[in-house]
């Protein structure tokens, strides 16, 4: 298990991360972590590793792109000084190109996306005692020739390149969902192919926890 | 893994099971399984074993005792004809003795509790293709000399005796929580020592899934 | 223009037709026709052909399949005795197979779908002074190899076969959307690929109105 | 078709234009364009001319007069720099003289109305790549001797004079409604003779679209 | 003053009478009489003639026609056995012909209107110790050539004929409003020309009170 | 009739005046004048004297004392520059001494009350083209020996003295109510002996209108 | 202390007793006893005499008269078989005569009041193991010549006569309030002179508890 | 009785004190004192000692620790200049250590707690004409070996030491509850062992009132 006693684990991202978390804190009792994968991760950590006392914080905000993350990076990431940071961003960067095609000012193109994410990684990684985990954005579409899926895959590749270049942990959420989608039609997991059910969130959760060495069978 | 392709897995119980599930169905998309351990079990099954297509149904109702379960057994258990049945009941049977001491008609004493549960088990077990799982009631109190904890332990022992007598699967939720409570003070898991946080529900979830042979590391 | 002065034009279907119409009447002022294609059809008829005084009635209900239509046929179609009847049904018949795969009792298979629709057509057509229009169900997915799109196409073919056999008017909504989807990504028209924006509804509206000989340029 | 690929088409006006649009943006998905003629125009453009990708923006605000438009002209018209601008204003300028006769500070008299509108036109027209469309205010009253109808007609004439003087496109909404009112009593279209039903809005929509060369029968 | 000590004065009608009265009683404190002319009449009676203790009851219901009154006559008029009865009905009988022209089943034609009202009068008048007051329906439109105003005037004439034939008190509300409309444009009194402001209701109130001999200047 | 064509008549006071009026304007359609005596006065003026076009404005605010009036005098009285001003204040000045006896900072004693009111009168009267009407505060208690009634009477006397000294119109609301209370028990008019029913408000209305020469029987 | 271990103490009455209690049970945790004197009595009993385990039940219902009590006596008093019964009724029997003077069917005159109360007492007293306590109705008015106070005193005398005749405990709530009203003006305790503040309820509470021998200073 | 005529008695604390009091004032009618012990104290004072006119003020705020009290001391204690001050604080100082163990910045350790409380006492005591009452924090847990109970007892001891050192009145709420808990299981008084029912609040109330010499039996 890579997470150590007393460490702070902060997640930042968009609506997939947010899931109605308490704002602005993003931590505490009574559902403060929201109803998505962050809450599932916390539940599994507190249930299996209660002795570690990992402090989980959720800083996701609905609709955000990497451009929005940059604007609140100081407040929401640097100032809380986490030991571990997990970033999953990019779905809205891509989606707006497809659902609001006439509003280019809301589109974050690949170049800006990659440069901004890279900047955030380089600024932050040295400050982390634990580690930096990058999770790819995803799209619950099995047809790889689909236009939006293709674009999402490009953004996902950018994330992987940054992870490799800066030696970050990488979680390929698209790959994890692809396995699940072999058995389940996308509409079972998400009517809009973006916002997963609890079963979809658990796929993210499990992919993340495998990356940090979580052991389900720990006594 | 003991659950087989296409089987129906039905949970019945009180508020710990209910957790704001859709009524009366207790299944479907959009949070129909509620926000407790039943939803977590489903999320893990659909995420790790999507090929099995397990049908999870939640028939918990807030505040119910075994007396209430009996009254709706035909409608909520026999008629839906599940393959697997999971029963967790007894917390309110005990709790009312302690929070409403002047209202004896709301107390389900041990004798009635055990006889009723046994009757439900004997009537139902032969109809199940899969299995019958009994989960003990629990109380998030570490002091074994506490009056309500002592009573709850007696009810838990009755569940175990029935499980043994009729060869049911048993999940000792109290034992599972006891491990977690070695590290966490009860107020972290539940302000009222009864209704757990997501982290508490996950302890039930994991205890149940171990019993049915769930493999987190399945490829 | 095939619609004649004083005729009653009744639409029946699912949520695409319903769109928050007034219930149970389905007609009147103040948005009683809902916010979908039925309201657009009415708006165009009253604007371009006010002298005809066409009476438009909306009997769509969210989530309905052809099985539900049959159950309310007497009340909602026979009793109001329309001159023209327009049926668009089948999306939920198919969708439930893909978003609730474990609940087969909610799936209306092709055979039942076709037989039921045929029965409704044969019973009703003789009673209509005007005409009977069948509109195919649709799915806003451009990949014809997509599982749900393939199934939807099969149901659409069944509608066309019935239309041909009984000499009904046919509106191929899928074909109409396919044209629009050459230019617009599905997410622009409908986040869930089923419930269209106003721009999507207008595509149904125009396809329907062309079928009944509506003339936009009428003086 | 006068509208060209990628152009921005901005509507400004009062409650007839507003119709519960998203504020302050006035564009986007999920009903952001409101429920009136602007939404209908957009629906017809995206349905018939999806390849043009026209960007429609709604800047109507309930209760506004030309005096209010002037106050927000910089923010709501100049700054968004549309290619096409459509102005329909004047109903409240007149109406307040009739429903609040004792509050003269809320009345915009004809002289101020015409001078202000002319000023807005002269300032803006040079900035438009596409065109400037003036739509007359209207009153759903068939009696031309009615006091408020007479005043409204005077304001409508002012709009036409400005359109002619500055070579703008003109849409005579009163004339369009007059045709419809030959068949329908005003109360069918609008209980208050001002806020039209969907069928009334469609009359505005069709009058506007004819002006810009929209072709309903385009393949 | 024709009203005598301790008499019950019951008003029945449509939305002009209803005005959000308490249902089903239609009397009592805390605004139980609604916010329209019935409340004003009561306020003036209790203020100027408190010693009479007149009991005022409001049985108006929104949207009702004379056909609806007949259906509830036994319950709402005969059973409460008033001393005085005031009927104002007919606006919806006429209005539906103009705002819902395609729904003839909602139109109460003049013949049915007159016969029904006459039947109600003949049945009830003998039971009244005080008197029966008929108030004409009205339309806040000054143009006597307006189609709906013309129809309303015909219905008003029918009321007057019945009043004369059966020797009832008559209140010509249309005539009273005509005076007020010489000075005020209809939109000042009612945006829809039907539902008056407090100032419009007071015109009904004063017309009624004059009929029963109310003396404002009573010491 | 002392009110002249086109004059503005402004009422200021506490909750008896306020009655849920539109804020901050205090005038307009759709119930902007509230539901109390101000609305009744306006209704009677517009109904009987529509040709005068009197502009009625309501500036009452719940809970206010004369101290509060002074604080907003510039904004709510001087700036709107009425022709006629009507002041009814003092109930809360007295009431707080009886319902919150331990909070002396909320009590406005007689001396402060009289001096403040006098100051407001002297500042304002010269600016009024029409007239200044002072209405006494009142208490719906018939027992003149009641402590609060006695205090209220003292405040009422102060109002009368100021009216006499500065030659203002005076409306003795207490006297008007005393007549009504000979017949009706206080609880019929107001459960708290302060906030009157519509019948109570009408007593204020009639007392005021008599003062300004209103003629109910005007043709 | 007259209340004995394990006894059930049931209160029945009107809104003074009700105070938003849980319905229909009238007992339990979480404010089920309402916010009035019943809750205060319970709080003092459970705080000072926790060893007695007195079961307190609240069966008050807003607006009820003795006529209403009779109608629900079997359900709300006989069936729950209390050991002690406390009745406080009569305020509405009197009040309706004063706030709704024109509705005599809502007035319960003294004769009916006394006979009905006497009937309830004679039927019930033999069934009570503990005792029967009658509490007089009251009116927070210090002027004994006040009409409603006089009537209330008559009803109170009737209660005392019944108490004496049948040897019941009597609580003179009016007398208790009279002491408090020597120091506090009625408006401090109750704006409507009927529904007391917490301080007023405590006066009832203390008067009741003195009657049953409660000892505040018990160790 | 130590409280004297006209004195102001101010309570400050956390949610046990707050109980939904009016904010920011914390005094007045209509439940402004909340629903907890402060309201009970006031009710008993106004009921038994109405002639004293004690002014009770509630400045409790949910969730506050002694650190929060210090931050608002000037505004909420010094500025209102009470004669008597009652402080009950510390529950959240302790609780956060047990329910949010991973958020140390929310824990107020014993040293800070004691020093801060001592500072507040030394600053304030000289300004009080009446007296300063310290109430210990409490935990409704009977097991003295329970971790949180042990910590709470330490904080309680600190309060007692300060009380002794500075000669304040002391109320040992834990001791008072311990008596009640001999008979009642904690869940009867408070599901979370912290927020008492009305019966629990009364135990605080009685303990406080005994300290200031309140006499229940005063005539």
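Letters A, B, C, D, E, F, G and H mark the chains in the order given here, with residues in each chain numbered from 1 onward.
Everything below uses one rule, namely that a residue touches a chain if its C-beta (ideal position, glycine included) is under 8 Å from a C-beta of that chain, and two chains touch if they have at least 3 such contacts.
Keep in mind it's a predicted model, so treat the numbers as computed, not measured.
Copies subunit F and subunit H of the same chain sequence form an interface built mainly from non-equivalent positions, shared numbers / all numbers used being under half.
Centroids built from CA atoms put subunit G at 45 Å from subunit E.
Mean C-alpha position of subunit B lies 67 Å from that of subunit F.
A separation of 32 Å divides the Cα centre of subunit E from that of subunit F. Contacts with at least two other chains are made by residues 29, 53, 99-101, 184, 188, 191 of subunit E. Chain pairs that touch one another: A-B, A-C, A-D, A-H, B-C, B-G, B-H, C-D, C-E, D-E, D-F, E-F, E-G, F-G, F-H, G-H. Put simply, subunit A touches subunit C in their complex at residues 95, 98-101, 143, 145-148, 184-185, 187-188, 191-192. Those residues of subunit E lying in contact with subunit C across their complex are 99-103.
Only residues 6, 8, 27-29, 53-55 of subunit E touch subunit G when the two sit together in their complex. Interface residues of subunit B, counted against subunit A in their complex, comprise 29-31, 33, 35, 39-40, 42-48, 50-51, 53, 180, 182-184, 188, 191, 197-203, 206, 216-217.
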